Amino acid sequence: MKDGIRIDGRKPDELRPIKIEAGVLYRADGSCYLEWGGNKIMAAVYGPREAMPRHIQDPTKAIVNARYNMVPFSVEDRKRPGPDRRSVEISKVTSEALEGVIFTELFPRATIDVCIEVLDAEAGTRCAGITAAAVALADAGIPMRDLPVACAAGKVDGTVVLDLTSDEDKEGDADLPIAIAPRTEEILLMQMDGHMTPAEFDEAVELAIKGCREVSKLQREALMNKYKTFEVE
Amino acid sequence: MEIPEVKRVSAVKRDYLARLAKEGKRPDGREPDEYRPIKIEKNILRNAEGSARVRIGNTMVMAGVKADIGEPYPDSPEEGAMSTSAELPPIASPEFESGPPKPDAIELARVVDRGIRESGYIDMSKLCIEPGEKVWIVFIDLHVLDYDGNLFDACSLAASAALQNAVLPYEKFDLGENKPLPVTSPPISCTFVKYEDFIVVDPSLDEEQIAQARFTVALDKEGNIRAIQKGLKGTFTIQEIKNIINRAQIHARNIRKLLEE
Amino acid sequence: MKDGIRIDGRKPDELRPIKIEAGVLYRADGSCYLEWGGNKIMAAVYGPREAMPRHIQDPTKAIVNARYNMVPFSVEDRKRPGPDRRSVEISKVTSEALEGVIFTELFPRATIDVCIEVLDAEAGTRCAGITAAAVALADAGIPMRDLPVACAAGKVDGTVVLDLTSDEDKEGDADLPIAIAPRTEEILLMQMDGHMTPAEFDEAVELAIKGCREVSKLQREALMNKYKTFEVE
Amino acid sequence: MEIPEVKRVSAVKRDYLARLAKEGKRPDGREPDEYRPIKIEKNILRNAEGSARVRIGNTMVMAGVKADIGEPYPDSPEEGAMSTSAELPPIASPEFESGPPKPDAIELARVVDRGIRESGYIDMSKLCIEPGEKVWIVFIDLHVLDYDGNLFDACSLAASAALQNAVLPYEKFDLGENKPLPVTSPPISCTFVKYEDFIVVDPSLDEEQIAQARFTVALDKEGNIRAIQKGLKGTFTIQEIKNIINRAQIHARNIRKLLEE
Amino acid sequence: MKDGIRIDGRKPDELRPIKIEAGVLYRADGSCYLEWGGNKIMAAVYGPREAMPRHIQDPTKAIVNARYNMVPFSVEDRKRPGPDRRSVEISKVTSEALEGVIFTELFPRATIDVCIEVLDAEAGTRCAGITAAAVALADAGIPMRDLPVACAAGKVDGTVVLDLTSDEDKEGDADLPIAIAPRTEEILLMQMDGHMTPAEFDEAVELAIKGCREVSKLQREALMNKYKTFEVE
Amino acid sequence: MEIPEVKRVSAVKRDYLARLAKEGKRPDGREPDEYRPIKIEKNILRNAEGSARVRIGNTMVMAGVKADIGEPYPDSPEEGAMSTSAELPPIASPEFESGPPKPDAIELARVVDRGIRESGYIDMSKLCIEPGEKVWIVFIDLHVLDYDGNLFDACSLAASAALQNAVLPYEKFDLGENKPLPVTSPPISCTFVKYEDFIVVDPSLDEEQIAQARFTVALDKEGNIRAIQKGLKGTFTIQEIKNIINRAQIHARNIRKLLEE
């Protein structure tokens, strides 16, 4: 960080470049391809469909079952296929965050399966995954009270900044990923590790929410683009 | 992802707790900002390098520390390593099953781990025996024995207490005299849940069963934030989170005193 | 062993110190905390409750399902969590021994789950575990025709002795853990490894039964104490 | 052996496809010897040493190559090693489940692996760093993203394309400058299925669901056979197999051109 | 290969010695013990019996579930128990090949389980396993439209030869295992790896079929012998 | 712990066997102290370092010995190691399923292992190649092929027979000439079951299915006891156990003769 400019040339409150495309898969009920900095993510949604085996069914609502997965070649050192402890935790908090906006009561005994495949990873994959999953859910026509969106803020060299890169994350003092329901700006997901004073925390939350607002626009554009494409066809 | 079996809470119980909440009352009569009695017993096992039993109300957790010698990570050749695991064995609850850790146990272990790691509680730089070759690896195992809510705080506290009295077994490896594990100041974890817009600290099992959202924050000695984990499908407003962090400051100071007794 | 006195000062037929406490857990239907020499053990019982999944149900009686588990920090070198082959065998013989006294026919399609957690280990954990489990079963009100109890005898330096310590077990010639129904002194569990003449075996069995009788008294006292405590309250 | 869940195809669909087959027609209007459009994108990922995305019709597959350093096998101390894995993750089809690879995925990976291995596509003798001590180990991972039939050809092609542009990361291990992975001429896989005595190339999912027999052949640049895998319970006559291999020669030449573009 | 004679003295189109015995196990519904060169294989069949758990049942036909297994001491370096990737693939293609001749439609919701245990291995175990399994199926009285049989051809030093040994397989240029329904000579299983021109391939297929015809006779003799034995008894 | 599926025996069969037992008769007409015919075939496999097939009646078991080189345990640097595994594969019984060993198979392997280990049958001190560095590790694998009762004795006998003829493959590791595995005198295992107060040796499957208690004792050449395993939920009196051990002495001598033939 030099003169208020970050190593990759961004200002403290600037996002990395983001590209979102909705409806990119044939078999899935809804899907989204997202590039965010060096991250490349494919998300898909199946359901609502009957939850199987039966004993996992909830008679009062649908289960939201997100599976965050890094493919073996998405990281510097090949990752063995299958979930590790980190993936299990991210899958859990992602499921909970998404469930927070879905009208699950409409689909008792059902499951809504969300697949998030990280094809190329460069810091911030959980936020990118939730953001992509939200678009895939909308693409699948799942009724939601809002379109969730995620973004992280952090602290590098004592400065609160938006959307850390891989290098900033490694060298940085703190990382604070959040997901929100953008209309009310309620918090769906929040995790933090590092070192922040309460004042820095307040600043970081505000910044992350600002980031969410910008990403939210891109999500909506991607969904609009899909419908435009349809009209043209 | 493995899907946990649906936990059904009777509608009657749910309604009763909701009605209490609207009057600002908790099922066991506590104030919103009242912890259940906390009891910490340290250094109670012979085979563990450090150990502690922590009770918060009826919840009981054992933490054990073991140290082994291994290679350091290539990117930190002069630092030791730590690893935290949690088990939710069937002894602790009729709902727990044996088998490999489920997402609940993994999240629990990782949140406790983050609090310890991010606060620098273990001084990793003092765990080096031979740079690049041999370092101490510290294993923290959390074993829940009785589950009546708030495992995050009970496990975090048990881990801190067990580390506080842990000894590095130099003698076992013919490396000289045993030394205390080098520790600094522990993180203190405070957990809140929200149900019916009522936000309470140290949830009992009854409260966890109907909770819509959960918030855990680990604070250091200066009251700075070292780790946060929001859980469950419900939401918090920013203002609610700020309030929670303020409330946690007071609890953390009290619990820190208990731990240092 | 010198002048008939063992390394830890005990006589050949003397038990290590034992402490038993019944009803120590809140959630379990019955529980017991036991210290026996350097062993520290927590046992709990859940049930009788419906056996799940259904296909394991026995329509004629309850299943007795004991799970013996050593926690990772209970031994000198950290043990990886989860059952190893030794634990599986001990769980099996423990389940069988306990089933021998329980009126399982009273609870068709049910399971009675017995959890034995070894928190600190120092030789003789299986006997300690069965002894603790028996108290937990009684504490849970499970109908039994007798209160089982276990104790080991062994052979050290050619002498038959009661209740081996860890050192004696490592250096010793033989170990013979047994569990009995104390009223009839029938054998519920017997295992042996080492080297014993038939005469030494007979002597060791008698000694182990003597040990069982003493431990049995402590079990009953622990159960009595619990009820006394209730009266005081 | 794990038994896959029964896949039920509606009788109506089955009858319709059978009737079409008797007229020599395929459900999507293709000729028996017509592939769906093939699209190959190479070198599209940053972390992979080599990568490719291949689409055959609606089927979409990612292949990624990673290279690590390890010990050679004792019986070939101057040669590198390779390993191929395939995942059929739930993103690609409503029928796929998470979990360890099932027999379908294992067969797929092994058939792709055999084509590459037997054609000597990777020059293993050039993967030696220090004889008997250090060699490159090449990991090929196949990740199916959209499953609409013919994974054998899509995965084989993706693997070949990803290897074509892969780089050995000498720099990462402080061994000098990065070099391209030494490759020769790739195998080309052609898959046919038979239903109602109708034998077609590049089966779509619809066709796979009613196929009685499957035949995959991997051909080298000279049109010689490097690997064969017959699958499913139906049979082929010798004459049918000879015809298939002849037909594959033409397809393989066309696909090879696409790959070399 | 020298003067048209192979290392082990065989001619290019000659099989290794084969010994087949039907009905050798007591519990299995059908069984076969087979020695083929250095291979020793025990195969058994259970079924048709109800497929369990229920959700795997096919209401239109029986499932054929073959399990090819190498015992730990069947190979030069001890193999860990349990299926590896190679066994899983062989189990799959074996199941498919056998299903090709069984009248599975006669047994809806059933499973026919085929166990192939390789006790001693020396190249060609999959063909030997299928050949043994076919005899076990016949011994179990499973209705089949033909008695399948398997044999491999290969290429060594540029010559197409029948039934490779272990050494020939390692040094050889190609291996082509096939299984056929001998009456119509249709192909049930075909795998190949190595390097063959189309002309060599044609030659190898013819040779493998010739091998299958010879092995088929031995299968039929083994089944006849079993019935003869019964008559004598 | 994994719970085995309930094994149901028909009430009719149970009653019939009980009635026979009251008359002191066994279902296959044997005397209480009569083994079924025992057949031992040694050294029948090429790849195993030692092997044996044992039949007791219709029960058939294969044992194979493999030897590898590994590091000794730190507390016995001049001794080799051994490991015993048992598989109950689906070939042997309609009730057996594939998958990792279940408690039955684990108990079986451990009891066989204890008999061999405690009797010092393998001379571990002669398995050292280089003190503290390289020792032989002996793997005993038991593979049940036909299950008609009494696997404890069949497996123990097969293991002993396979070890008796085993060879340490020094040549394979370029360590000189192969040598016979150094063995002493084998343990002999005798198993009894009790049903309806009737105690019989060498139970058939029919008898095992209704047995209330099981007792296995391994005896050495001098008739001393090396291992015991009581099983099942039924009980024995002390006197019954003493009788069993006396009866086992005679059986053990007879079986030992068979083994040494």
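By letter and in written order, the chains are A, B, C, D, E and F; residue numbering begins at 1 in each of them.
The rule is simple: a contact is a pair of C-beta atoms (placed from the backbone, for glycine too) under 8 Å apart; a residue touches a chain by one contact, two chains touch by 3 or more.
The structure presented is a predicted model; accordingly, all values stated were derived computationally and were not measured.
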(message) Applying the touch definition from the top, give me the chains sitting in contact with each of subunit C and subunit F.
(response) none
(request) Calculate how many whole Å lie between the centre of subunit D and the centre of subunit E, each centre taken as the average of the chain's C-alpha atoms. (result) 27
(message) Averaging over Cα atoms per chain, report the distance between subunit C and subunit E in Å.
(response) 52
(message) Using Cα averages as centroids, what's the distance between subunit B and subunit E in whole Å?
(response) 57
(request) Note the residues in subunit F that touch 2 or more other chains, in rising order. (result) 1, 98
(message) Going by the contact rule already set, what residues in subunit E reach two or more other chains?
(response) 55, 67, 83
(message) What's the contact topology between the chains, one of line, ring, star, complete, other?
(response) ring
(request) Take subunit A as the starting point, go toward subunit D, and spell out the full loop of chains. (result) A, D, E, F, C, B
(request) Spell out the residues on subunit C that touch subunit B in their complex, using ranges where they run on. (result) 25-28, 38, 40, 42-44, 46, 49, 67, 69, 71-78, 81-83, 113, 115, 117, 119-122
(message) Please output the residues of subunit C touching subunit F within their complex, sorted ascending.
(response) 51, 55-58, 63-67, 83, 85-86, 88-89, 91-93, 95-97, 99-100, 111, 176, 181, 184-198, 201-202, 205, 209
(request) In the complex, go through subunit F and note every residue touching subunit E. (result) 44-49, 51, 58, 60, 62, 64-66, 68, 85, 87, 89-94, 98, 100-101, 139, 141, 143, 145-148, 172
(request) State the interface residues of subunit F toward subunit C in the complex, per the touch definition above. (result) 1, 3, 5-6, 103-104, 106-107, 109-110, 114, 117-118, 215, 220, 223-238, 241-242, 245-246
